[in-house]
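The next block holds one structure in the form of structure tokens; read it before the comments.
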Amino acid sequence: MPSSLGRRAAQVGGAIVVLAWAAAVCAPLLSPYDPAAFERMQLAPPGRTHWLGTDEIGRDVLSRLLFGARSSLLVGWLAVVIAISIGTVVGLVAGWGGGVVDAVAMRSVDLLLAFPRLFLALLVIAFWGPSAWLVTVVLGLTGWMTTARLVRAQVLALRDREFIVAARAVGMPVRRLLWRHLLPQCTGTIVVAATLMLGNTILAESALSFLGLGVQVPDASWGGMLNEARGVWRSAWWLALFPGVLITCTVIAHNLLGDGLRDWLDPRMSRIESAERGNSE
Amino acid sequence: MNALAPMPSTPSLALLEVEGLRTEFPSAEGIARVLDGVTFTLARADTLGLVGESGSGKTMTALSILGLVPPPGKVTSGAVRFEGTELLKLGPEALRRVRGRRIALIFQEPNGTFDPVMQVGAQVAELLREVGDVETRAADREAVDLLRKVHLPDPSRVARLYPHQLSGGMGQRVAVAMALAGRPKLLIADEAASGLDLTIQAQIRELLSEVQSERRMAMLWISHDLGSVAQVASRVAVMYAGRIVETGPTRRVFGAPHHPYTRALLRARPTLDRRRRSLEALAGAAPLPTRLPAHCPFYDRCPAREERCRQEDPIERSVGPAHKVRCLVDPSSGAS
Amino acid sequence: MLVFLARRLFASALLIVGLLTLVFFVVHAAPGDPLQSYVVAETDAATIATLRRQLGLDQPVPVQYVRWLRSFLFEFDFGTSITRRQDVRSVVLEALPHTLRLALAALVVRLALGITLGVLAALHHGRRTDVGLGLGALLFYSIPSFWLGLLLLLLFSWQLGWLPSGAVHSLDADRLAWHARWWDGLQHLALPVIVLGLGGAASTFRYMRAGMLDVLSQDFVRAAHARGLRRRTVVLRHALRNALLPVVTQVGWSIPALLGGAVVVESLFSWPGLGRLTVEAIGQRDVPVIMATTFVAGVTAVLGSLLADVLACWLDPRVRLEA
């Protein structure tokens, strides 16, 4: 993408993300109804009292969408925070430590990358029971690998640079070296990796909720709403349309933001590398 | 002092005539005029050396002749006549048919110019088929013959090698073979021997001269190495800031240079002469192509400059048989 | 090349053992008694104790691990399904081919679309075609597969009636002639494959476009033009072949994600594959089935990546000759 278009895209993406968060945070204020309350108007099409209609139990769709934003954004972002925290630590330790530590870390990365993420999530959910928190943790635990590789690569590249060698020569303790000198150098890479991961994580959460294994009723989630609508969507098109539109727009916004940040923060990244990083599907 | 009018070129002898070639690139800082009116001629089976420092426009001259200027750059004015045909007016397909078949180009880093996943013999054969109009079945055999002609030992084995398996010298020989596939009348060698070992450099130069005389090919030898130019070229053109500042028979230009820049170039070569204690480098730098002055571009660094040099842009004038210079100052009258 | 192959095979074998260990670890680290799912609430203590002994759950964990590893790897004994009362191996083997068919067809769609459109976008870099394709890719990259499937179902199955809404075959497929049955199968395969393939096509598109742009700017491409080769030859024979190499590797590494995507698609279209089996088994708390399906999915992913890696290595003479 030419960079001016890229910058504009990132701004648009960023704006929508902020908007989504605002809606999620202010959901209690903005919702016209209680998302869990059911009324007598079941399967009402969009109209004056219920702007986006009601579902088959009579709950207001708009309110559920607003609270659903909370689920998707919270789970998505929190999972990514967990993932980059683990990934950064593993990357730093592996890159710096070398030898056995590095080997063990990289084999673990290979192992987890070889496993389909969704199957692993299903496995954990099967035995720990489905819940939003579990999904968050599992997505975090299965998403750290790319970050670890990236941070490790950065550490390896920086190890022999003069400022690091000099710091070691004066006997700086390792922990301080890693934390105060190496880590700041990696921030750009980490931020880019994180934002590129957000879109996929949100999709993964919505897929799990769609399967009934993520955010549980009566809490609202966009994927869950699509699942609940399965029986009736032939007659109630609004139940099938809005949650999907919101998921798509939110993910597009995060992807645009990620692409834009990548162009801005790490322009040296070759095009192939960046396509690779966005690609944890 | 003699300010004769420039001699008209004799069309029947000249193979390549470049006149007033101007190539520009749009950039954030304005239009960069990389070539600022390049003019020279090349006769059949003759060798012209093109020298200058990096950034003077030597490679861009070769690219402009062949219509290979990378976008967003463009040739904005001038004429390039090859065997009478005006190249700049040709359409893309006609221009493609000139490349390889009538004019060939060889580059500095040969191994980077080959497809990394294809055997070199197959690449030569491909050129023979597409540019040399050789029949498909005969192409592979002729490719090996061509590799033998460029003195590659065990050519059928070399043909099955991949580019990364070739040494620099071998690669350049393969590149020469590729250049010959279309039987061109003009070979442009852009720093073809630079970056190789000295002995290999000499071998490549010898190979090129042998091929040249055998096929009666003309050669444009582009180099920053004055020594190689002296060995290879019968005539030389000196480039500075996108223009030719001096051109003439090599012996005359190097033996009795007129343009202060040529003098400076010759003086700057390291020698074993004990009388000279330090390297004489020329202070300053060439003007940026985005900020070419309206007067002589060498003014700021010229040791022989005069007041009028700041006011007008010199045009070409003759200072001897086939020897031309773009300078207002006569070296015999001023200090140098 | 052989050394490389041996090394990768060994690494894959280790990965498979690692997968088994991971599965075992997850199951046994979970809270609650694994026995719960096997028994009905009213069973008395004696029966429970016998059952525990039969299943080997009274042994220390490391012993259980070794026994289980042995039965999985060497005897291919995955245990008995709680709900179906047949051995898990046959249940899984019934479901696996459906998933494979779906995944392979989706892979073909993904490669065909991603590669051709990626090359197209690269050749029209910066112009409207490129921007348009890029936006399209962004859309299909971001859209949830189950929602895309839903929309396509609404359109093609319910509105237009052109395609069926689920299952592998129509109910009366057995009575059809072989060509009608083949066509019936294709119709049922169409929507799931499109849904599964489009998302992946978007990411392959990005990768192909990026790779192609990189290759087109390399010296050997400009040299090929300078030597007088036709544009088509340069682009298709030289640039494309070089640009395809990293794409093959990338596709290999995205096979796990492809299988993961199949879970959702199978659930939506009632496709009797491994993914749907897993989700059902979770609902039924059928422990042996869950363990087996996740393991088999993992193995398939490992083998798929291995295949792609080998292919990529073989295609690149620089690697093939060194390794």
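Letters A, B and C mark the chains as written, and numbering starts fresh at 1 in each.
The working rule: a residue touches a chain if its C-beta (ideal position, glycine included) is under 8 Å from a C-beta of that chain, and two chains touch if they have at least 3 such contacts.
Because the structure is a prediction, the values reported are computed rather than measured.
Q: What are the two chains with the top count of C-beta contact pairs?
A: A-C
Q: What's the farthest chain from chain C if centres are computed as the mean of the Cα atoms?
A: Checked the centroid distances; the maximum from chain C is B.
Q: Go ahead and note the Å separation of the Cα centroids belonging to chain A and chain C.
A: From the centre of chain A to the centre of chain C is 22 Å.
Q: Starting from the mean Cα coordinates of chain B and chain C, work out the distance between those two points in Å.
A: Result: the chain centres lie 56 Å from each other.
Q: Would you give the residues of chain B that are in contact with at least 2 other chains, written as numbers and ranges?
A: Expected reply: no residues.
Q: List the residues on chain B that touch chain C in their complex, please.
A: The contact residues of chain B facing chain C are 66, 68, 70, 96-101, 104-105, 107, 109, 112-118, 126-127, 130-131, 162, 164-165, 178-179, 182.
Q: Can you tell me which positions in chain C touch chain A when the two form their complex?
A: 11, 14-15, 18-19, 22-23, 26-27, 30-32, 126, 131, 134, 138-139, 141-147, 150-151, 154, 158, 199-200, 203, 206-207, 209-211, 213-214, 246, 250, 253-254, 256-261, 263-264, 267, 275, 278-279, 281-283, 285, 287, 290-291, 293-294, 297-298, 301-302, 305
Q: Okay, in this complex, where on chain C does chain B touch?
A: 218-220, 222-231, 233, 237-238, 241-242, 245, 315-318, 321
Q: Mind pulling up the chain A residues that touch chain C in the complex?
A: Checking each residue of chain A against chain C gives 1-2, 5, 107, 110-111, 113-120, 122-128, 199, 203, 206-207, 210-213, 223, 226, 233-234, 237, 240, 243-244, 247-248, 251-252, 255-256, 270-272, 274-276, 278-281.
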